[in-house]
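Below are the structure tokens for one structure; questions will follow.
By letter and in written order, the chains are A, B, C, D, E, F, G and H; residue numbering begins at 1 in each of them.
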Amino acid sequence: MNGTDPTVLNLGFARVDLGREKRQGVAEVVYAPGKTREHITAIVTGLLAHNTGPVLVTRVDARTADAVRAEIDGGQYDDEARLLAWRPVPAGRFTVAVVSAGTADWPVAAEAQAVAAAIGLGTTVIHDVGVAGLERVLAVKGQLAAADAVIVVAGMEGALASVIGGLVAKPVIAVPTSAGYGSSFEGITALLGMHASCAAGVTVVGIDSGFGAAMAAHRIALTRADPR
Amino acid sequence: MNGTDPTVLNLGFARVDLGREKRQGVAEVVYAPGKTREHITAIVTGLLAHNTGPVLVTRVDARTADAVRAEIDGGQYDDEARLLAWRPVPAGRFTVAVVSAGTADWPVAAEAQAVAAAIGLGTTVIHDVGVAGLERVLAVKGQLAAADAVIVVAGMEGALASVIGGLVAKPVIAVPTSAGYGSSFEGITALLGMHASCAAGVTVVGIDSGFGAAMAAHRIALTRADPR
Amino acid sequence: MNGTDPTVLNLGFARVDLGREKRQGVAEVVYAPGKTREHITAIVTGLLAHNTGPVLVTRVDARTADAVRAEIDGGQYDDEARLLAWRPVPAGRFTVAVVSAGTADWPVAAEAQAVAAAIGLGTTVIHDVGVAGLERVLAVKGQLAAADAVIVVAGMEGALASVIGGLVAKPVIAVPTSAGYGSSFEGITALLGMHASCAAGVTVVGIDSGFGAAMAAHRIALTRADPR
Amino acid sequence: MNGTDPTVLNLGFARVDLGREKRQGVAEVVYAPGKTREHITAIVTGLLAHNTGPVLVTRVDARTADAVRAEIDGGQYDDEARLLAWRPVPAGRFTVAVVSAGTADWPVAAEAQAVAAAIGLGTTVIHDVGVAGLERVLAVKGQLAAADAVIVVAGMEGALASVIGGLVAKPVIAVPTSAGYGSSFEGITALLGMHASCAAGVTVVGIDSGFGAAMAAHRIALTRADPR
Amino acid sequence: MNGTDPTVLNLGFARVDLGREKRQGVAEVVYAPGKTREHITAIVTGLLAHNTGPVLVTRVDARTADAVRAEIDGGQYDDEARLLAWRPVPAGRFTVAVVSAGTADWPVAAEAQAVAAAIGLGTTVIHDVGVAGLERVLAVKGQLAAADAVIVVAGMEGALASVIGGLVAKPVIAVPTSAGYGSSFEGITALLGMHASCAAGVTVVGIDSGFGAAMAAHRIALTRADPR
Amino acid sequence: MNGTDPTVLNLGFARVDLGREKRQGVAEVVYAPGKTREHITAIVTGLLAHNTGPVLVTRVDARTADAVRAEIDGGQYDDEARLLAWRPVPAGRFTVAVVSAGTADWPVAAEAQAVAAAIGLGTTVIHDVGVAGLERVLAVKGQLAAADAVIVVAGMEGALASVIGGLVAKPVIAVPTSAGYGSSFEGITALLGMHASCAAGVTVVGIDSGFGAAMAAHRIALTRADPR
Amino acid sequence: MNGTDPTVLNLGFARVDLGREKRQGVAEVVYAPGKTREHITAIVTGLLAHNTGPVLVTRVDARTADAVRAEIDGGQYDDEARLLAWRPVPAGRFTVAVVSAGTADWPVAAEAQAVAAAIGLGTTVIHDVGVAGLERVLAVKGQLAAADAVIVVAGMEGALASVIGGLVAKPVIAVPTSAGYGSSFEGITALLGMHASCAAGVTVVGIDSGFGAAMAAHRIALTRADPR
Amino acid sequence: MNGTDPTVLNLGFARVDLGREKRQGVAEVVYAPGKTREHITAIVTGLLAHNTGPVLVTRVDARTADAVRAEIDGGQYDDEARLLAWRPVPAGRFTVAVVSAGTADWPVAAEAQAVAAAIGLGTTVIHDVGVAGLERVLAVKGQLAAADAVIVVAGMEGALASVIGGLVAKPVIAVPTSAGYGSSFEGITALLGMHASCAAGVTVVGIDSGFGAAMAAHRIALTRADPR
């Protein structure tokens, strides 16, 4: 029966949602962990054939990425973001500032930036802006003001989301990270803190989910008549 | 020193942030629980005098609302949303659909709707669309497609956020509610489930925070050149 | 004293429950982790000698399985399910559909399928039917309707259990998996979500317990006069 | 649009799923807490008009039940189970034994029994069979063996589910209750214990969800060609 | 035996630690909840007789306080702090700034201030300095710089502790409060966040423990040769 | 069938374990909360008729106790312990010291003492021995040394169990209490702390379970040939 | 100062409590993890020189044990229990039955047995007595009745503690283990379940603490005039 | 813009807070985990150039430390504390006693000591003073009395903080450690216990945060006119 449904590609081990690009503006994204190279190659091949926009594989290590790229031309690998992408879209008019609270939050921020860039958002990256040195936050107010939305990536207590939420009148998407020590509890402390933020209207995505934050920004970009 | 800072109104028991309207587009909102009528009256009086836009008091019971309105003209009270508002803004061009999963989620949805309306967003309300009867969800796809953003209010397991996140290409702001029984744990189950949502780019605000969801939608509306 | 109890086989390091096959329809199943090859071999030998139906070893790695099979003839090993089985029973008339929400849930679904098949249930496997693409779920309604019971295997937020619970009038046995990222918390999010499911009558087994789900289905099959 | 969908009754404050009776064998069940008498009356009226089988309201207190019954004829109220029912179905051939571990678990067991009876299952109730006096459990083995499925209702550590799961070859549906003291943590201890049960194939529903257990039994009864 | 130990006053229902004043600089403090008026009166009488410094009763309601004061002269009651005190000490040279993040944190801040004042610390109170309006924090930098130690009282996400910890080179004692909503979880979110603070050297006391913070400040004051 | 089992008294609403007195030395104890006066009266009547030793009702309020005593002669009520007892046993040769850490722990300590006394243990009560004043602990070493076992009742951080566990070579039964504030979390902090105690061989019972501690002491007394 | 305290041996890196043997009947026991071979050797040497009874090192791996034994004669190593012991005491008259619920609980049971034996308790070991096969429990009632105390070692839901607690009138010391899968949560489920046990007077020690259980049994043995 | 802010050194991958030494008395401290050798080298080089006091790298392994020292002269490495330091300050007049409860707590205590020493505090180290042998605590009272502040490092139940808090009239900074077994839960048990301490005025820092405790002591030292 679903053999005849043109929006689902049944590969046996996976059921690829071909309709997602049309429905949501970005094709289904492949989460690499737990998948073999053969599986990733088959899914990507199917997505490239049946869609026209970018195709992404997230959380993929360099060796797997190389193996898949050897099979499918045109893939670009970003090893900080662990992102493998085909047919990335040029940056449109909607820009996102990705702000990280500390150097340890960098891999998550890198994923947010790389995914956002691949799906056509303009990106600015601002590193290592912890609230323990407020002048660092105040110094980047101009950069934040120039963006259409802000992704705040922070572990520890996640206070940066509250502080930036109070400074700007933009969508603020907070990403708690599992970075931290002391009593960070693998990101739970930051997750709870960002939810209890005293700055109204801050929203939160899952722990370490740079990908989710970029996709949330993409949804916002789509609300504009002219996102690109 | 802060006596001379024009952006802070020091009432002794409270330090009102007069700069917030300019900085964020909406004046500081008063959270009523724990404040006396006199305190609420004083803060609202200050906000009305030093700002020009809407002034809101949330989670306020009817008796307190009546007492404050007796002191300050022009306040409108919405008893389902428990919101007291002065100088509400007419609906602009940005519209939000507020969708609730069950009848028990209504008070939170009401707060989201009322706050959004008071600060100038167009609102559509869609009640009681649980995923256990999928046709109810599918039936409202058209209404969801017509909105610029969707606020999903759900307790229990919060699955509605994933389902709607997969259906629409809009910003989806999920609000976990403390409604539910069985193993809902006062909203924690829904909060975690919404964060682990398999629909990419769904964002989440705090438990029962209809107010927070409305403010998040407002931040998104501001990214458009023409929000109203 | 228990040397004379014919329903207990005391091997010193283990006390095998020989009466379970008669009492429950399936002999005691051996959980491999933490047991040496010699222990597994001795227990299986005892079970084969004193029972007449299938004998199973779960969560066993390939090397251990090979070593045990070298000692005891007739064992069949399923490496995806990590199941080692002797004397599997042909499929009877009671059939179970095993549905997984994502590719990462596959190992748990494989265990459910393999155990169910070994103890005489008919099985259908439906992979990768996440709720973020509802048409994938709707497309398999026919296959679900043809089964006597449905095992839903899902990590992340576990919403698939609610959606399928609402679609079918069959026993739905939900298995939360530890697959997932973001805020899945090793399956706790899915476990809680499945319990708080808004679809009435969904039941849940332990995290990653494909085995438990198959056994639950077996208990249901036994309620029919003609399970095979 | 959904005004023309015959399977949804849109009452404004609620969207009644009229298709559920046909889809799942039992009409949508009304959860009373948080609903006004007027709301309950309107929903029940709609369900009675558009369905032909039993209509149930759960967790309803006596005063509300009386008020609703004054508006709608034929309702029967069970005050121990806090259940209000119209058009109950005579007991069919599928029977359920409801076993409680202690006297404090009685309200939950009563709900399971009353819901099961109203939707056409035969029921046997066995009270106060704690494992601290094993002979009490052993004494009821015959009663358990005569039923088609067993609902085990237990708070505290929930050990009764494991013990009964080991004794019978029937579907065992465990209901953790919030009864208990010491370290019961409102049912969480029993919930976890039932999930970690060493008896294979025990399934679990939400805390205090006698209703959910009865519905799960109903799903099992439907797998038989001749449930009634 | 302890009848002859001069440092313990055995009242039967309580064993008063008379040596604490000498050992720690402040006599044992009486925690009122759960104690009868007669018990409080007896303990205070004993402490006044055997010590020479301040005697305090915390978390005492107005009616109990009045009843005890009717029996023992000289007690002063602070109803915001719910503190009853005899023989308070004039403020010495060591001063503490008590800063609260929101108006809801006031009762805890009041307790910290009143206890600190009663045991001889100079106190400054700064209300309602949330990080969502940073200029409010920056505006009080001078006041913070003039104090010897800072007590930060905050609920919600507790970010104020990190921000102030980064601004001043003083001992910062953070008090998480149970005030808040959304995802504050009765102070747990603030407690965890304060512990994971990115500002080095911030210390934390128990939830709502204004008393504990004042006593911690007192311990610091004692490290100076000239605390008064 | 169990109508003929002489060790079970089936009252319909309860199944009284008549064999427990013979099996365990003390008849089944009635936990009052949630039971009606009629239920308690019926159970106690049955226990008195079929057993010969003490019969106890725990956690019973004064009004219920009076009502039951009006029906059944000879009951003695201890309102601090909330214990109702018939046929208490004179103190034997095995003695228990019940030590509480603070005055707030008194109700739990009272239950431990009253239950222990009613079932024939000698008891010594030592109140309010917190570790913040170590000399109070050291002062009672002689009293502890004279007892056969020690029950330590403590809330807060529960450190008294570790300290006493290190001082004496007796069985130490620790009872965490829900008393406390700050970060006591209703006894969880004390429960965990007592389990992680650095004093080897300390055992723990449930939160607030003075009853459980007394029963544990009774089990120990039975190991002696001459407990009385 | 403590150089002259004859009850403390200050080794610089450790402060050995030489008085513990006299105070508690067993010398301080050395917990190996985290200590170097040199540290263990030095502490054991000191304990052997200043005490007369058994000296134990727990949780020590075979290689470390061999290295220490090469330095100090007379050490005996039990590799299942991971216990290294000098001067073990012959079994006295007090006997302990160590009962495990499953084969995976064996390492913890082995530690309990080996420590108990080394400090002079008689021990009986009963393996793999899970409650899912009750006849296995009932079959060993005689062995349990012959012991003076019972140590119950169980992971999963820990129900064995309740069942045995109900069967015997002995001290029952429950040890939750981290063995298990599904929803065992590293022993937390068993820990909570054992605390909420419906069998009165069961006591609990820390997760996996076979050592703690043996020491608790030793404390009980000391209550007898004639433990050996 | 921040290129011209003299208090921030923008290295691209990190934004070094050059103003912190002036603002807080100690330059920004580098947390090594997750940073490459090149990153550490660049940050340290910048800090040495723009500050005049000590520069520290914490949690750095020996190989990384050697590599960095090969690039930058004058670094001293303490391998127990895993601390790399340049320009350590001679000990001033403020002294801190670092007390550990057990040998397993040593690495955390070593970090506290080494950081404190490097930033100019006098330090005394007292090892292995567990409360299970109280005489060990009492024996060091003199050493504690001679210090200006006490850092208490303890895992397990953390009771040492309460005991020392009751003995001395000094600032007590408690550091929970992840050392321990049984039910220590990676330091959570100690963290909660220290917060619920019955000794008033004890403060707590994050789990394993010897660094945080040293910095808290430094803040206290700064309150004296003459810290050095």
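Methods note: a contact is a pair of C-beta atoms (placed from the backbone, for glycine too) under 8 Å apart; a residue touches a chain by one contact, two chains touch by 3 or more.
All values derive from a computational prediction rather than experimental measurement.
S.K.: Over half shared or under half: which fits the residue numbers at the contact of copies chain A and chain C, same or different?
M.R.: Mostly different residues form this interface, as fewer than half of the numbers used are common to both chains.
S.K.: I need the pair from F-G, A-B or A-H whose contacts repeat those of E-F. Over half of the residue-number contact pairs should coincide.
M.R.: A-H
S.K.: How far is the middle of chain B from the middle of chain D, if each middle is the mean of its Cα atoms, in Å?
M.R.: 36
S.K.: Mind checking the centre-to-centre distance between chain D and chain E? Centres are C-alpha means, answer in whole Å.
M.R.: Spacing between the chain centres: roughly 51 Å.
S.K.: Could you work out how far the Cα centre of chain B sits from that of chain G, in whole Å?
M.R.: For chain B versus chain G, the centre distance works out to 57 Å.
S.K.: Taking each chain's centre as its mean C-alpha position, how far apart are chain A and chain E in Å?
M.R.: Measuring from centre to centre gives 45 Å for this pair.
S.K.: Multi-chain contacts only, two chains or more: what residues does chain B have there?
M.R.: 130, 132-133, 166-167, 182-183, 191, 195-197, 200, 205-207, 212
S.K.: Report the complete set of touching chain pairs.
M.R.: A-B, A-C, A-E, A-H, B-C, B-D, B-E, C-D, C-G, D-F, D-G, E-F, E-H, F-G, F-H, G-H
S.K.: Considering only the defined contacts, which chain C positions touch chain G in the complex?
M.R.: Within the complex, chain C touches chain G at residues 1-2, 5, 7-8, 12-15, 17, 19-20, 28, 31, 33-35, 39, 59, 191, 205-209, 212.
S.K.: For the complex, which residues does chain G have touching chain D?
M.R.: Within the complex, chain G contacts chain D at residues 101-102, 130-134, 138, 155-159, 162-163, 165-167, 180, 182-185, 188-190, 192-200.
S.K.: Under the stated contact criterion, what part of chain F meets chain E in this complex?
M.R.: The contact residues of chain F facing chain E are 103-104, 106, 127-130, 132-133, 135-136, 139-140, 142-143, 179, 181-183.
S.K.: Of all residues in chain C, which touch chain D in the complex?
M.R.: Residue positions touching the partner: 23-26, 29, 94, 148-149, 166-173, 191, 195-196, 200-207, 211-212, 214-220, 222-224.
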